[in-house]
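In the two complexes that follow, chain A is the common piece, with chain B as its partner first and chain C second.
Presenting the complex of A and B:
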């Protein structure tokens, strides 16, 4: 019993001796071997055992639905009392989806350009706010943090209604301002029916809802940068712009990568903010994005297969983007080593 | 005369329930003896401003009658269909025993096999002949009736009586007069919407499609085909959208309005005349007491006089295929007939699903009720009775068509052709 313990935790006073002297344990070599095997087994299984709870939850919550959606996308599915019936149709739904003009002309461009605009603006605004917070004293930092956290905490639906209200044609604040400035004729302008103004409003909404997370995360990163770096930079005559790009950005690049990945994922799959807007629930096909498109196919037309195919496409798209980001992140890590 | 009919009806119902208890197998007996059983009931939220006291009372009456308890779960209209679909997938354990089902949902749910065909039971109870025809028809597929009509509503025209009197406008009796009235209203009351052409309100538009003699879709040999781009339908769409695009009687902000926004605008006093449901006048006055006594209603005028048909919508109380279905039917009967049916109609401002009850409502000669009752009895219309049409509605085909015309993205014919194509694609998929 004793030697095996020594081997496992290596903490015995004579542990080093036992191993380096190559002196076989006098009593019985078989116990030694068994101990070694056991140690290996423990080494192999322990991490998995520790990971198991998380993995089981993830598999239940993520993997299983993912597999189901994948399966559904290859079927024509019909809801029946007590359990639906699926007929396999191969890749028909994907063929229909990828040959549809709506996807290439409306759905994908809307999704991609909207996401790019939102991610870019969210990161830029979030970083600026983080820089501001970093310079503020404790009291003002607290006040500003609470203010931006309120924007973050607002449920997406509520926030969207506020923006709809502000941009309400004719009666909304912005419509009246634009009307007073002579930019539009409020009686004949409805911003929600056209693609560009519709998405401009949606962008404002999503950026407003998304920047607090970026600001808080980047601020956390900023607080870890040693002051000495900036002092050194200042001694070398670097101005604020240069200090930001040469010191701040490289030092907390991983933070930027993470918030970019997360924002990208969120902004690609925006659904609520579009669906709740006037015309966003399917009555204006010009403003479909992948999320709404998939929802309409699956839950309005009850064409679960086609809806799932669109959802799988969105997942693959996000997976591809995430892989690129994560590889950049790891390469970054290796360079640092 | 009427009283005698009702008395006979009550006697008949009582007699039948009595015999139902006594007759036949032991099964039947246990069906109405619900001691220790609980029925799960799904009711849509919002129809009755406060449905809780109503159901408390109904549950007490039911407990007294059968010994069974009632558990009411309130559902949202916006998410209801999805919730039902999920429960239906789950089978008998997850569906309610009794549920309020919107008439346009009946075909979809019935097709899955979840709803109980109650044709025989309705006949047995002698209730069949008294049901409002259009409403009964909406929940009957291939001769099988999937529940009892509970309440119904219909849209007509609601207008500001005070403004009509002030500017000497007569309630319109045909489309030409409707346009003329709206023109005057726009001229004299420029800060109000003369006649909202709401892009998101499907049932505003359909009245004019039907009014011109058009149809949404037609059935031939069990197959549905869109008719929304037929010359007559297009004429109706052209007239309706023209009120906004040509006559400018409805400003651009209305292009994306749904009925909810029209209601909000009424409450703010921003509307002169609009299509509105029979439940709206009371709601408007409640929200804006200034308008008390200033509202009037007329059936939607037909193109050259008469009436345009208007969507007759409503709810069924249906029983699901659970082990309690016989007991569930008793509860459905309790709610859809007699005292509770009348009370529900009164509390909700909707119409009951039985002719005898509806006639009682019409007989009250309330000027804000009678025009709707007339519309419902004489010019109600239903949308195509197929699962596919539910999907067409959910994918917003008609509002999409109207909005594309209002925003100038398509001509009336182009938009109608596209809507027809979209409809046919969904019909074809479901065949």
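Presenting the complex of A and C:
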């Protein structure tokens, strides 16, 4: 297209001069130039015009609130008739937060250990399932994929209810089974009041919901590994375990990195699955995680400043992980992100 | 040829291996589907509460569903969820498609910065957004309004939608667009008659995902909606659950009503979404 354009441009004025007086020959190049300028302007502005609505929404509803939450964390915010009043208090909320025993003894350990357990189990189970799917024939792979998708699609709220029902004291399936096996006395055992069983159940719930993403992403990675690599490994006498660690893992390391980081981000900010569980909505401070703690401070105790400070802490934690994530993406040689 | 026979020999060869594979498949199916089965079978069980460890329900009844609709007002909740989800779909699809075309098709300054920003906002915890947005919405008197909730959900679903659609737009060959220009089409004409039909499957998949985001969301709906006539389905169950903490039949019936549409949508859409997801998640 471009070469033909320059050809016309070059020959245009001459042809016009000699042949037709009626045709506005000199106007031709100028309109052409104007058109070119207009096109360049369109090239420059069109992407921004296309982006503008989305960016405005994101700025107004995600970025602006983030700035606000930072501001709120430096204030004592009180709700009064006709609006809230904020009094600047500096870093008081952060000082209170970082010196509170609750944060160091309960909230942070709950958040971090829970996230580590969930990520570890999610990745391990997801990888095992991906390896399994990779070995199955078409029909069984389809059946298993649909089952995995069903687990993935289970909404966080209803999924949590089902797990609560399964572990419900007295009437729940697992309470009855454990009682029948003589492990517990179903009449007196409540798994939701203690920190460890509470988070064990939450972990099962989150892993059940989270491993499908890992399985399907890792499977996509597995399918890209050339079969010849495994044949070579087998010829060299490597067993399945060695083939996995020496061939599979190094070849699709970027995939593992990405699913690990994404799972870490998701599992650090788990809220609904904890909040909905018995005692999770604030009545049992032993099971607070950072998100629930922030929510309770703000909405149950009406201390918006302290809640915001905890929320900012969580955001900073996640931001640190996110930066690692983005650097990983770039290091993967994604030159045209 | 030889590769195929080799893998075949590997998977179909020894009976021990096949048995192991079968056991693994069975374990996987039980772990993934048992909660779903337990939910649905409890919802239909006339003696849901005293079910204990009976694997099969004691019978089939629709009593729990009737109770949920007649006394639990669940029809309203489902309708609210559908309205919010519908509004989210429409706006998110339109906005994300435009944005995705911009980042997939044009090279401009700060393009990478925009993409990184989209990645970063995806990581923001909802707990950090819910406090300032609650205050903001209260100041605008948009609490307890389906519109206010929809606006939040549009913002929440945009980053993922843009990221996924960008993958779909990239798969449309540029030559197709250029052909349209040569035929004298303007940009809007090209968009309408060439790009849109080609991206449509991806757009549908992404929209359904936005719908699921809105349908499942709990924190904002729980915080913003204080009048029970404005509850979405996810919050409606929570309410139900709090009032009758032991009425597992109705709770599972309402959970089934919330879960089953999402599952069907999700399974149908996943193949379409797969390519975009892979482009977004694996390759960045």
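Brief remarks follow.
The criterion applied here is as follows: the second predicted complex is superposed on the first by the 254 of 337 C-alpha atoms of A that agree within 3 Å, B and C clash if a C-alpha of one lies under 4 Å from a C-alpha of the other, contacts with A are read in each partner's own complex, and residues count from 1 in each chain.
Rule of thumb we're sticking to: a residue touches a chain if its C-beta (ideal position, glycine included) is under 8 Å from a C-beta of that chain, and two chains touch if they have at least 3 such contacts.
This is a predicted model, so every value here is computed, not measured.
Of the two partner chains, chain B is the only one that A:279 touches; chain C does not reach it.
Measured by the number of chain A residues touched, the leading partner among chain B and chain C is C. In the superposition on chain A, A:84 makes contact with both chain B and chain C. When the shared chain is aligned, chain B comes close enough to touch A:189, but chain C does not. In the superposition on chain A, A:299 makes contact with both chain B and chain C. Applying the stated contact rule after C-alpha superposition, one finds that A:156 touches chain C and leaves chain B untouched. Contacts of A:168 after superposition: both chain B and chain C are touched. In the superposition on chain A, A:221 makes contact with chain C only, not with chain B.
Once the two complexes are overlaid on chain A, the chain A residues touched by chain B in the first and by chain C in the second are 83-84, 168, 171, 299.
Per the touch definition, chain B reaches chain A in the complex via residues 82, 85, 88-92, 95, 108, 112-114, 199-200, 251-253, 255-257, 321, 387, 391, 394-396, 399-400, 403-404, 406-407, 409, 426, 429. Per the touch definition, chain A reaches chain C in the complex via residues 1, 42-44, 46-48, 50-51, 53-55, 57-58, 60-66, 68-69, 72, 77, 83-84, 129, 132, 135-137, 140, 143-144, 146-159, 161-163, 165-166, 168, 171, 173, 176-177, 180, 208, 212-213, 216-217, 220-221, 227-228, 231, 254-255, 258-259, 262, 265, 268-269, 271-272, 275-276, 290-291, 294-295, 298-299, 304, 307-308, 311-312, 314-315, 318-319, 321-322, 325-326, 329-330, 332, 334, 337. By the touch criterion stated above, chain C contacts chain A in their complex at residues 3, 6-7, 11, 21, 24-25, 28-29, 31-33, 35-36, 38-39, 42, 49-53, 94-96, 98-99, 101-103, 105-106, 108, 111-112, 114-121, 123-136, 138-139, 151-152, 154-155, 158-159, 162, 178, 181-182, 187, 212, 215-216, 218-219, 223, 234, 237-238, 241, 246, 248, 251-252, 255-256, 258-259, 262-263, 265-267, 270, 274, 277-278, 281-284. Interface of chain A with chain B (complex): residues 79-84, 168-171, 186-190, 192-194, 278-279, 281-286, 296, 299-303.
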